[in-house]
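Sharing a structure here in C-alpha cells format.
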Amino acid sequence: MTLLSILDVELALLIVGVAIWTIAARDLFGAVVGYVAYGLLLAFVWIRLYAPDVALTEAAVGGGVTGVLLITAGKRLGALKNAVPDAQPRLAFKLLTAALAALVACAIGAAVLMLPDPPPSLAPDAAAAANGAGAGLGNPITAVLMSYRSFDTMLEKVVLILAVIGVWSVGTDKAWGGAPAPFRKAKSYPPMVFFAQFLAPVGVLIGIHLFWAGANAPGGAFQGGALLAAMWMVTMMARLVEPPPVDAQWLRLSLVAGPAVFLIAGLAGEIVAGSFFAYPPSLAKPIILLIEAFMVLSIAAALPMLVAGPPSERTDP
Amino acid sequence: MTPSVLAGLVGAALVGLGLYGLILHPHPLRKLLAFNLIGSGVFLVFGIVARRGAAAGLRFDPVPQAMVITGIVVAFAASALAVALILRLSAETSRLTLDPEAWTKPDGKDAT
Amino acid sequence: MTTLLDLFTLVAVSAGTFFFFAGTVGLLRFPDSLTRLHALSKADNLGLGLVALGLIPHAENLLSALKLIVIWVLVLLSSASTSQLIGRALRRGRK
Amino acid sequence: MNELLLTAAGLILLTVAVGLARILRGSDDVQRLMAAQLLGTGGIAALLLIAYATSVPGVEDVALGLALLAALASIAFVNLLDADQGDAEA
C-alpha cells in the first residue's frame, strides 16, 4: 500500500464520517454545520480526481454560498420548537429503510467496480470540439461548456432564472415589489465591516481573474460568478449595501443578460455559420468570452438573490 | 485500488446514506441535507467516469466534469427554492410537518 | 541549489505540520471555548503559513508563488475577523 | 520529496479529522462554527500539499476560493445572533 493510497483511504473515511454525522446528528444545527464542512471537504476529493475546475465550483457553490443558505435556514428553523412531530419511526421501518439504502449503495458500488475497461469516452469528440468551434480555448472543460455542450450550459442559466422566480413567488402578495429581508437586522458591527471591506475587493479581483483565466486554466464563468456572488453577499451581510428590490430594472436585466446573450449568439450562429450555436472559427474565442462575461453577471446576480429569499415587508424604516 | 474506484465507492456510500436520511428524517431541512448528499454521491460516481476517460490522451474526460459543474449549480438553485418553501411554510403555519394527515386531525400539542 | 531548496521545504513543511498538531492538541486539551478558539486560530494559521512558504520553491511560476502568499494573508485576515466575531458571540454567552 | 509532502498532508488531515470530531460533538452552536475555521486553515494546507505532490494544475485558485469562502457561513450565523438579540452593547 503506497502512501498516496493511505491518504486516499483517510480522506474517504473522513468524508463518509462527516456524511454519517450529517445524517445521524441529534440536533438540526449540528447536522447543518456538518453538511457545510462536508461541502468544503468534497473539494479535496475532486482535487484527487484531477478535477480542479469541479473542486473550485464545489468550494464556491457547495461550501460557501450553500453554507450561508443552510446556516440561515437552520438557525431560523431551530428556533421553532415542536414544529415537527417527535414520533420516532418504528424499528422495523428503520431496518427496512437501512436495508433498502444498503441495497442501493451496493448496487451502485458494484456498478462502479464493473465499469467497462477501457472506458467509453466522449473525450475525443470533445477534443475535436475544442480544436474546432471552441478554438483557442486551452481549458477543455470551458470548451465543452461553451461549445460542445453549449445548449446544456444555456438551459442551466435558464434554470437559475426559474429558481429566482420561484423563490420570489414564495413571498406574500403585500411584499411584492419590495426588497428581500436584509442579511443583517441590527446595525453593522465594526469588525464585520472591516472584514467585508478588505475581502470584497480582493474577492472581486480573484473572481474576475478566475473568469479570465478560465479559457486556458482551471476556472471559468461559473467559478468566477460564484465568487463575485459571494462577495456581494459579504457586503450585504456587513450592511455596506442593501438587497435590491425585486422589481429593480438593473437587477432583472442582469439576471436575463447571460442566457439572452447566449441565445442571441446561438441564433446568430444559425444564420452566419449554418447551425445553432456554431461560431465562425476566427471569431470563436471573442464570442465565447463575450457570452461568458454576461454569464458571470447573471450568476453573480442570481446566487445572492436565491440566498436572500423572497421579498419581505419592511419592518424597519 | 485506484483513487477513482475508491471515490466511486464513496459516492455509492453517500447515495445510500442520503437515501436513508431522506426517508427517515421527519424534518424537511434534514431531508434536504440528505437529498443533497445523494446528489453529491451521484456527482462523484459521474466524476470518476470523467477520471477514467483518459482515452483521448487527456488526463480526464472533460464532458462529465463540465456536466458536474452545471449540476452543482442546478442543485444549489433547487436547494434554495426548497429552503424558501420550507421557510414560508413555517412562517405560515408555524409547523414543519410533511405528514398529510396533520391537516385533518386537530393536534393540541402545538397551538397554531 | 535544489538540495538546499528541498531542505528548506522539508524544514518548513515539517514545522507547519507540527503547529497543526499543536493546534489540535490545544483544541482537545483546553478547558473552554475561548481558549480553544485561541489554539485553533493562532497555531493553525502559523502552520498554514509555514506550509505555504515551504511549497513556494515548488510553485510552477511566479504567479503561483504569489498566490500561495495571498492565500496565507487572506486566511490570516479572515480568520482574525471571524475569531473576533465568534469570540464576541461566545463572551456574550449566547447559544 | 513527494513522500514528505504526502506524509505531511496525511498528518494534517488526521489532525483536522480529530479536531472536526471534537468540534462537531460539542453542544454549543457557536463553538461548532470553528469547524469551518479548522477546514479553512488545516484543510487548505492539506489540499495544497496533496495537489503539489500529485501535480494538479491550478490548485492555488481552488485554495484561494476556499480561503475567501470558508468564513462566509460563520459570518452569516453571527449576523443572525445579532438579529435575535439586538445590538445593545456592541
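Which chain is which? They are A, B, C and D, in the order written, and residues in each are numbered from 1.
Criterion: a residue touches a chain if its C-beta (ideal position, glycine included) is under 8 Å from a C-beta of that chain, and two chains touch if they have at least 3 such contacts.
It should be emphasised that the depicted structure is a prediction, and the values quoted were computed from it without experimental measurement.
Pairs C-D and A-C differ in how many C-beta pairs touch across them, and the larger number is found at C-D. Distance from the subunit C centre to the subunit D centre is 10 Å, each centre being the mean of its Cα atoms. Separating the centre of subunit B from that of subunit C, both taken as means of CA atoms, is a distance of 32 Å.
Once the centre of each chain is set as its mean CA position, subunit B and subunit D turn out to be 22 Å apart.
Annotation: 27 Å between the Cα-based centres of subunit A and subunit C. Under the contact definition stated at the top, not a single residue of subunit B touches 2 or more other chains. Residues of subunit A in contact with at least two other chains: 4, 48, 50, 65, 76, 189, 192, 195, 199, 202. In subunit D, the residues that touch at least two other chains are 16, 29, 33, 36, 40, 57, 61, 64, 68, 70-71, 75, 78, 84. Every pair of chains meeting the contact definition is listed here: A-B, A-C, A-D, C-D.
Within the complex, the subunit C residues that touch subunit D are 6, 9-10, 13-14, 16-17, 20-21, 23-24, 27-28, 33, 36-37, 40-41, 44-45, 47-48, 51-52, 55, 58-60, 64, 67-68, 70-71, 74-75, 78-79, 81-83, 85-86, 88-90, 92, 94-95. Across the complex, subunit C meets subunit A through its residues 70, 74, 77-78, 81-82, 84-85, 88.
Within the complex formed with subunit D, the residues of subunit A that make contact are 3-4, 6-7, 10-11, 13-14, 17-18, 21, 25, 29-30, 33-34, 36-37, 40-41, 43-44, 47-48, 50, 52, 55-56, 59-60, 63-65, 67-68, 71-72, 75-76, 78-79, 183-187, 189, 192, 195, 199, 202-203, 206, 209-210, 213, 217-219, 223, 227, 230-231, 233-234, 237.
Contacts from subunit D toward subunit C in the complex involve residues 1, 4-5, 8, 11-12, 15-16, 18-19, 22-23, 26, 28-31, 33-34, 36-38, 40-42, 44-45, 48-49, 52, 57, 60-61, 63-64, 67-68, 70-71, 74-75, 78, 81, 84-85. Every residue of subunit D that touches subunit A in the complex is listed here, in rising order: 3, 6-7, 9-10, 13-14, 16-17, 20-21, 24, 29, 32-33, 35-36, 39-40, 43, 46-47, 50-51, 53-54, 56-59, 61-62, 64-66, 68-73, 75-80, 82-84, 86-87, 90.
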